[in-house]
Amino acid sequence: MKYGITENVKTIESKVKVRDIIKKIAEKKANAIKYYLEGEEFKQAIIFGAYLSGNYIANMIKPDCEEVILIDSQPHLEDIVTGNGIKFMDLNTFMLKLRNNNSKEINPDLIIDVTGLGGVDPNILKDFDPKVLIIEDPKSSFDKELMEADNTHKRLCVGQRKGSLKTLRSSKISKTSGTMTLTVDVIMDSCMDIKELDGVLYAVPNLEYFEGIVFHEKDVRKFLREVNTPALTVSCLGNLDTEIDEIIDINMNKIHSFVKPVQ
Amino acid sequence: MKYGITENVKTIESKVKVRDIIKKIAEKKANAIKYYLEGEEFKQAIIFGAYLSGNYIANMIKPDCEEVILIDSQPHLEDIVTGNGIKFMDLNTFMLKLRNNNSKEINPDLIIDVTGLGGVDPNILKDFDPKVLIIEDPKSSFDKELMEADNTHKRLCVGQRKGSLKTLRSSKISKTSGTMTLTVDVIMDSCMDIKELDGVLYAVPNLEYFEGIVFHEKDVRKFLREVNTPALTVSCLGNLDTEIDEIIDINMNKIHSFVKPVQ
Amino acid sequence: MKYGITENVKTIESKVKVRDIIKKIAEKKANAIKYYLEGEEFKQAIIFGAYLSGNYIANMIKPDCEEVILIDSQPHLEDIVTGNGIKFMDLNTFMLKLRNNNSKEINPDLIIDVTGLGGVDPNILKDFDPKVLIIEDPKSSFDKELMEADNTHKRLCVGQRKGSLKTLRSSKISKTSGTMTLTVDVIMDSCMDIKELDGVLYAVPNLEYFEGIVFHEKDVRKFLREVNTPALTVSCLGNLDTEIDEIIDINMNKIHSFVKPVQ
Amino acid sequence: MKYGITENVKTIESKVKVRDIIKKIAEKKANAIKYYLEGEEFKQAIIFGAYLSGNYIANMIKPDCEEVILIDSQPHLEDIVTGNGIKFMDLNTFMLKLRNNNSKEINPDLIIDVTGLGGVDPNILKDFDPKVLIIEDPKSSFDKELMEADNTHKRLCVGQRKGSLKTLRSSKISKTSGTMTLTVDVIMDSCMDIKELDGVLYAVPNLEYFEGIVFHEKDVRKFLREVNTPALTVSCLGNLDTEIDEIIDINMNKIHSFVKPVQ
């Protein structure tokens, strides 16, 4: 707590940081996948999409996989990878290996695609024969354009067992299931809820266009630094520290992630 | 427009910047005061509160005043003052002058107080005898604690003509009439409205706790730099440039400012 | 609880009835007035406006008044009056008595006006000389047209002690402080909140245009019968009886009523 | 338009009636089905669920079907059937015929099930062999309990071509795709939007628990009479007739219905 403009008004920052919300959402997705895999073991897992949940999923499934390869079209996203034993590969290198695949270096029995809208080309997937294929469905609340842009069903083209990863919010509008969309929505909705508390002047979300840092500036370290900030700052009269973090929690708990089996 | 994560998704920044919204709100307040003053001329106008609308109001009334003094408890706010002929004075200097006021240097016939909650002490005002006194009422949507903290009625203690400056939003919740509160609310509500447009993934407000820069870091230049940024950034499929700025406009037009005469 | 269309779905009616909400709001107003009057005693109290809170206010102040007269422009509203010792008078009769007031029959020391928008003509009030005058301010959330239509300040023209009765909702939009407006808003907002509960299909407010029954059909008894109905009906899977009434309570508690002293 | 309590206030009823909204939603569903069927012709169509869209769907597909049978577990729903050539059968009679089906009287090549949550038992469906099977998916905005109660996927058990009828609202919360749920939501959301218009005191939805009339009172005629009422009533200062019906239209246009093919 600090004082605001005058000593009557306090400034309270949420204990919850932007990155805590990102992490919590990514964990919900990773747990949904783990639950769907039921402890099954795999020789080679390939995850398409390092950003923003790919890395968490990789770490979650690693104990059950001999090899985990995280693939992204953006080579600089290698910097987002944490944890031992996860191999990063940029999409170009991956495509080259596929073409020259005499050595059978690439032969996944588990494929997970979290690239969402405009992500992995279904044609890349159709020549594999995995035991399990999981495609993240980017759709959330209904939106005609986003529904038409989505090709999840085309990507669900191979695999003995197929599922689509769905991440949705109870009774709240989110336009996609993307981790960044959900993070923004949790913080925005929390600010709206906090604004209604007695004695609150305003609640400011500490948001910026983080994806610009990752994809235009291509600076993953800056991104990680920028999300290491309180999710929101509140200008108010009273001691609302506890209420503020509780409201963020309530909003995070409205997110549900599960893998829906597809025939 | 830039591309987002993938080429399917665009990134659009609003043409409207945070500072445009601040300016528009400050202008509405300044216009409300000008309208109330009806072209009356003054020898000495004193404005309490340089931040955030004080400077705009000073420039608006200057043509009708021989002297305009802008007073703030924070000396570093001198940097926020623009325009010729406006004199900045920190509150301590002002109080000293008042105590030694043989020279009658301080004898305002117009007093405007925009310091809001926890601002000017009514005791400072009660020894003046201005022709016109205007106190900004910080209250907006009903909030019990904020109402109890407000002492606008006590400050309305002198003046042949007295009025309270009210700034309110039509059918929207704002907890105070402060320029920063209203700026945050316009941007937040615009993001919520934009999120509902077909093809929008998410809308991010480019907000941070700006008052921390002004009052804790005491860095007015940094503040002016930081608000010189697009009000919000939208991740979407289509060309929504026009719609986005229109929605911000609609939200700005819900703000109404007027001086309510007090007997 | 009944079953809905199928046995999977339940129908739950709120225990709270429409009339309970009307009563609670009217009581808040009556209590605000009682608190402002501080136990002072009066010889003759006149209340303008029998509908919808006038009768409750009459009953609340009766112990401290030798005579309480409830006046309404609509003679048939006599049927809304309950309690012993409250005298109903239609506006025409009242105006006639005023004109022929040799007998000093009408000489109130307490006047309360809850007629709101388009109600009592300020000219009727200006010849009285009450100890206390209370005018209900119909304004709530800001609305330019409603503000311009309001003439509360003109009615606050006499009285040794003057106050305006304000009834507002914390952080919620209500366009007027009228008992019917607030009743509708509490039920509507409760339905919106209940709809968000897990397992709820929909929540239906049991509202109709009740004022049509009172003012067009002029049938007070039918009105009293129609508001004697559960405030809302919920179609849902689970046993949400408790949650439903709690949500209505939370929304009722957002209403605050008080008399603001006017100089 | 009528006057309200006082002559300052008007009462406006929407031209759109509750039944117009019900009809529009039912038509969207019927059109979605017609579009999916692509003019294909059928010998015998069976529709499960007369209430609330079943009858509209029956009339829409009739030109392409030699026989259309509308089946409902509630015999009294025969009264809801309109149009020539549609045969109503209560579920018990249907089950009896199935058991004694020597005559092959029941042999549908098109099955449409709009019974939703807790509706048709998948076991009834599994012995048919239709060319086309369409099951209405009751789910709309995410709700964990409603998702778990839904067995649409189990009912999609036969048919050369299978699809699920989905009806969703753009960027708005609706807990199910049921015609009554959507009707309530359109009227409620319209009231909320209208309340924000300048000069509006309040907007009242003319809703009641209509399903109680159909399923508990079992009085279809009364139901049809009760929905033949303006969707909402507005208390306001100005002439908002046009705006009011436009807002209802905007809310109706947010509903989209389509058949999603299932493999």
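Chains: A, B, C and D, in written order; residue numbering restarts at 1 for each.
Keep this in mind: a residue touches a chain if its C-beta (ideal position, glycine included) is under 8 Å from a C-beta of that chain, and two chains touch if they have at least 3 such contacts.
These numbers come from a predicted model, not from an experiment.
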item: Per Cα centroids, the chain farthest from subunit B; value: D
item: C-D compared against A-D, more contacting pairs; value: C-D
item: Subunit B and subunit D: spacing of chain centres that average the CA atoms, whole Å; value: 51
item: Gap in Å, rounded to a whole number, between the CA centres of subunit D and subunit C; value: 38
item: Approximate Å spacing (C-alpha centroids) for the pair subunit A, subunit D; value: 37
item: For subunit D, residues contacting two or more additional chains; value: 143-144, 170-171, 173, 175, 195-196, 198
item: Complex contact set, residues of subunit C against subunit B; value: 140-144, 168-173, 175, 256, 263
item: In the complex with subunit A, residue positions of subunit C that touch it; value: 170-171, 195-198
item: Of subunit C, residues touching subunit D in the complex; value: 2-9, 11, 13, 51, 115-119, 143-146, 149, 173, 175-176, 178, 180-181, 184-185, 188, 191-192, 195-196, 198-212, 215-216, 233, 235, 237-238
